[in-house]
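Next, two complexes with chain A in common: one pairs it with chain B, the other with chain C.
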Partner chain A sequence: MTAVLTTTAMPPAATAPTALRRALPLLAAPVAFFVAFFAVPMVVVLSSSLAAGGAPSLANYARVLLDQYHWDVLAVTFRIAALTTLAVTLLGYPLAYYLVRVVSSNALRRSCVILLLLPLFTSNIVRSFGWMILLGRNGLVNDTLVGIGLLERPVRFLGTEMGIVIGLVYILLPFIVLAVGNALATVDPTLEEASADLGASPFTTFWTVTFPLCLPGLIAGVIMVFTLAASAYVTPALLSGGKITVFPMLIFQQYSTVFDVHYGGALSITLLVFTLVLVALAGRIGNGGGDRS
Partner chain B sequence: MPPALLSIRDLGKHFGGFHALKGVSLEVEHGEFIALLGPSGCGKTTLLRCIAGFLAPDSGDIRIAGDSVTRLPPHRRPLNTVFQNYALFPHMSVLDNVAYGPRRHGVPRAEAAERAAEALQLVGLEALGARHPRELSGGQQQRVALARAVVNRPKLLLLDEPLSALDMKLRKRMQIELKHLQEKLGIAFVFVTHDQEEAMSMADRIVVMNRGLIEQVGSGTAIYATPATRFVAEFIGEANLLPGAPDGAGGLRLAFGTGAVPYHGPHPGADARQNHTGVLRPEHLELLDRPDAPGFLTERGVVEDVINTGGQTLVMVRVGDALLASRRLGMPGDGLNRGAPVVVGFRPEHLHVVTGEAPP
Partner chain C sequence: MTSLRAAACCAALMAGTAVTHPAAAQTSLTVAWYGGNWGDAFRTCVAEPFTKATGIKVVAEIGTSTVTLAKLQQQKGAPTIDVAWMDGGISELAQAAGVTGAIDPQAVPNLAKVSPEAVYKADGAVYAVGTGYYSLGLTYNTQKVRTPPTSWDDLWKPEFAGAVTIPSPANSSGVPFILFLNKIWGNPANDLSKTFARLKTLDTALYFDSSGAASNAYQSGEAIVGAHFSVGAWDLADKGLPIGFAVPKEGVWATDARLHLVKGTPRQTEAARFIDTALTPQASACLAEKLYLGPSVQGVSVAPEVERKLPWGVGGSVKNLQLFNWADINRDRGAITDAWNREIARQ
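On to the complex of A and B.
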């Protein structure tokens, strides 16, 4: 009796650990990578931010949050990030739609995607320097606008939020195009046909069927672009001309120039928390939209 | 005489080098159930998509109740479609899916919901309005698609192989339900299918298509008993084909076993240059006791195969060079073994002649 019980009980008891044991070697590498390159640095930054003068303390956070200057820089940072996200969405969505739905030749679509991704193969620094030249007082953009008579005299782009937004939009556009393009490609075209068949104009079909169905992809892209724009350092640093400060520049100064890892850590965690809160809000809005429709 | 509900004149459509429709003309009357039947690639779905407006034909004209709709976009055409994959909106509830049509025609929200509920009742799904399409079974999704397509009470409903994704049993049940619904609502159905049994059991008229052309239009009985072409004869049911040749005196000689059968009955096209084929349905080729059975044309043959299909028996008989099929009700009897000599024969009036050569 006991023998029977043990033999029948054995297989389920044995298979679970076996499956886990087989999965472990596969999981080990990503887990180790995650711990070494993400969790450990985060813990280091967090713990150093919570220490001052060798003792645990919240003094660094008090220094960050009680100084109006930091709030001003945070506002500039998120304003630039929000404007960038808006511009990237307005430019990227139609572009993605065009690539997925309008372009019928696979070869043309592929070359467009390669063209779109090509800038990602060069460094941010090189591309931002490029924009410094283009956006300068006598750069190509000003020359052209003055040349065709749109402007009377050159406009200052460098050292303005607009200049930074232009640089970030250029760098972040591919992300939204890929995210929205992927979502659009999964929307079954017969759903749009069904909508037309039931009497919806192409405009109505877009807003009642196509757009809601690729909203998750759009939100993913928006979150990605917003966080990248809020945490961008190189582009704002090069295009600000020293006249505009964004939060990542403050963090960089503390780590690279002042060597105050405690204060720098507190700045990093502050930016992280605010960004996470905004992203969570965006996610909430996205989910609400999905449920309602 | 009022114009036909749907009138298609000489419709042509190319896809690159592929000629999908080569001048198709068809009229559909109010309340008619039409099946478009043919093998894949015959143009039946292309024809349906041209009627719906998802494809623009290269040539020809489509009229609905006398008005040309050829240049109208799909959302302006007075018809609805049931799609092969149902195409239910995944982000909307079942009720919202069905109410979508009335809403697009300016019906207020509350009234649209009411109409949608009625349409759902029609297909027996009134209890599932709050669900989402992904929470329904295939058969239920099919019904929702149907309710959504008839909620606006169109005069014409296009159905693109709507039952092809269902399993056999459900499919048979839906065929009956669909037919009842069609009769109840009085909507004309244009139903694309590649399943001849489905077409036979449901349609008033069957349009047999092949290679972008209509081969024959007629009732199920007509296209089975008197196929117009060799393609129809072979595509609909099974057929024994007897190669024919003109006998020089206005009649034909049809090869049957070692000899030839003289044929002087009606046949399409007395043109001597045209080839003709005799069509003999397996149920008309009988196994006989003696070669001189009165009223029969007979030949001796050898049983090559006996296939019991449950309730029916198909006996394959080698007669000369040809392998002919004979079908009869009941189980295979004794003595019907492979290699057994038999006499087969048919009554000449069961022979039907079409143009086109028999395959070698």
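On to the complex of A and C.
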């Protein structure tokens, strides 16, 4: 670890011992924080998942992986996460583009960003309860759709995957807008001007210059949104009305009401591993895109 | 070197807590209780009279029963919580986890006034005492449901299709409610398959995880009839919403909020005194007025307007409540939750 620290933390001009002495106190706090609040709990979960009846065992994992039910729940969880990510991207990318490229007044852009971030200051629980009221049978959404004649009778949103996706999209939209907006802001406009000078249409310029250049930002946003959606508990728990089960709900049940930390631990590690695999795949796609540009 | 610094840092932090703790201990008692109207009622009915009589400040540690149990397990050996309120069910788990200390009848003279059902013993020692009962009864929207429901079977009436709510196993009442239905329907105790088959035919708006989600559903009209806790239902009614609460002919499943003396607390005497305060007829009557908890202290009388709202309904008593053995429920909890997930919680 020390070797890694010296190579990464050493400024080229400083001598090695001085750099090390300067870097260590700076690193001590984050490392201690990381160990105490991430590594230790992770090890606790992992070790409890590898024990059954007081002895080391893989029985908990067998119980999770050899049961078709868990694969079905996993499929529902990732389907909801993927739909959320898709919807958030389709809504968030144009919004980020608009904020960075179209809005010319700084003050207006700043107020738009504040508006976008404002919901993050409220708890997920409160916001999900809000959606329960809006999406209910007699809620604002149904009343409006029936009122303007688009629907004959109220549609059921609560207790459907659609309802969960709506709630998650609302909560996760700011993440993708910020990630894409940042990437867009750093794209050098002269590159686009050069493309236009060479005769490319605005659309071609966007697809061959702007979009590939901000792809890393988009991928970062997509990974963030996907992992947050796959691990979300509060929103699915409230908006599913208990009729759809996602993996985090199974984990919560084991830890909070059944008190089986071994089975619960195995469920947690399973979700973590599958999410990491999917994120790694997305990262590869992101790198591939980066190479092309 | 990094780890050395981290260790020094931790040691400094621990030294900091060690220095501040005894000083606070002389003047305060830490009591774990629930949030919302429950916490407010515990403060008004028990903590404030206790502080008035003893001068000892009460510091509230707010959390649900499960969270409190988790905290007690973390603090085992050196507890910072002295007294803890936990619900039936979690109380038994806390006892099994070895975090509850013995409540000495000598130090808590009011224990003699408590009805025997509310004094919980293990290995000859009292480990918990009930401070009031609440039930899971039929709750309905008085505007949309003209004739008040009188039986749990009414939930299956066609006119309520899609507007019913009952607890899910993630709620503390979820698993006992399934066992309760199994019992009132006369199904064999060791076979829940018929009960699950019947529950599958119930056309619900939602299954609620938290009491708050249930209140929200009744308030928004998403559910117009179903199960809810007596405390939550009357709270809605008191806020002026058209909500009624009924004890059906088959009865109601009920449990209680219990007080525990935390094992190993350095403030034994003060903690016992606090529990004694909670068991006075005044405190019990106060909790009945604020939360409509059915008094566990014998001979407590309340105003007729309050009595009507107690968990056993008009003219009832603790004898009318179906109080199950939590040890049985906890034993089957994993299997019942699993069956629910597979049978009910998927479309």
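For the reader, a short list of remarks on this structure follows.
Rule of thumb we're sticking to: the second predicted complex is superposed on the first by the 276 of 293 C-alpha atoms of A that agree within 3 Å, B and C clash if a C-alpha of one lies under 4 Å from a C-alpha of the other, contacts with A are read in each partner's own complex, and residues count from 1 in each chain.
Following the convention adopted for this analysis, contacts are C-beta pairs under 8 Å (C-beta built on N, C-alpha and C of every residue); 3 or more make two chains touch, one makes a residue touch a chain.
Bear in mind that the values here come from a model prediction, so they are computed numbers and not experimental data.
Superposition note: with chain A as the common reference, chain B and chain C can be accommodated side by side. Of the two partner chains, chain B is the only one touched by A:Asp188; chain C is not.
Looking at the shared chain after the overlay, A:Pro25 reaches chain C, while chain B stays out of its contact range. In the superposition on chain A, contact is made by A:Gly199 with chain B only, not with chain C. Of the two partner chains, chain C is the only one that A:Phe252 touches; chain B does not reach it.
Counting the residues of chain A touched by each of chain B and chain C gives the higher count for C. After overlaying the two complexes on the shared chain, residue contacts for A:Gly149 are found with neither chain B nor chain C. Touch criterion not met for A:Pro56: it reaches neither chain B nor chain C. Smallest inter-chain Cα distance, chain B versus chain C, after superposition on the shared chain: 38 Å. In the three-chain superposition model, chain A touches chain B and chain C at no common residue.
Residue ranges on chain A touching chain B, taken from their complex, read 188, 190-191, 193-202, 204-205, 208-209, 212-213, 290, 293.
Here chain C touches chain A in the complex through residues 1-2, 5-6, 9-10, 66, 93, 162-163, 168-170, 172, 174-175, 204-209, 212-213, 216-217, 220-222, 333-334, 337, 341-342, 344-347, going by the rule given at the top.
Those residues of chain A lying in contact with chain C across their complex are 1, 24-25, 27-29, 31-32, 35, 69, 72, 129, 132-133, 136-139, 156, 158-160, 237-238, 241-245, 249-250, 252-253, 256-260, 263. If you check the complex, the residues on chain B that touch chain A are 52-54, 73-75, 79-81, 83, 85, 87-92, 100-101, 104-105, 148-149, 152.
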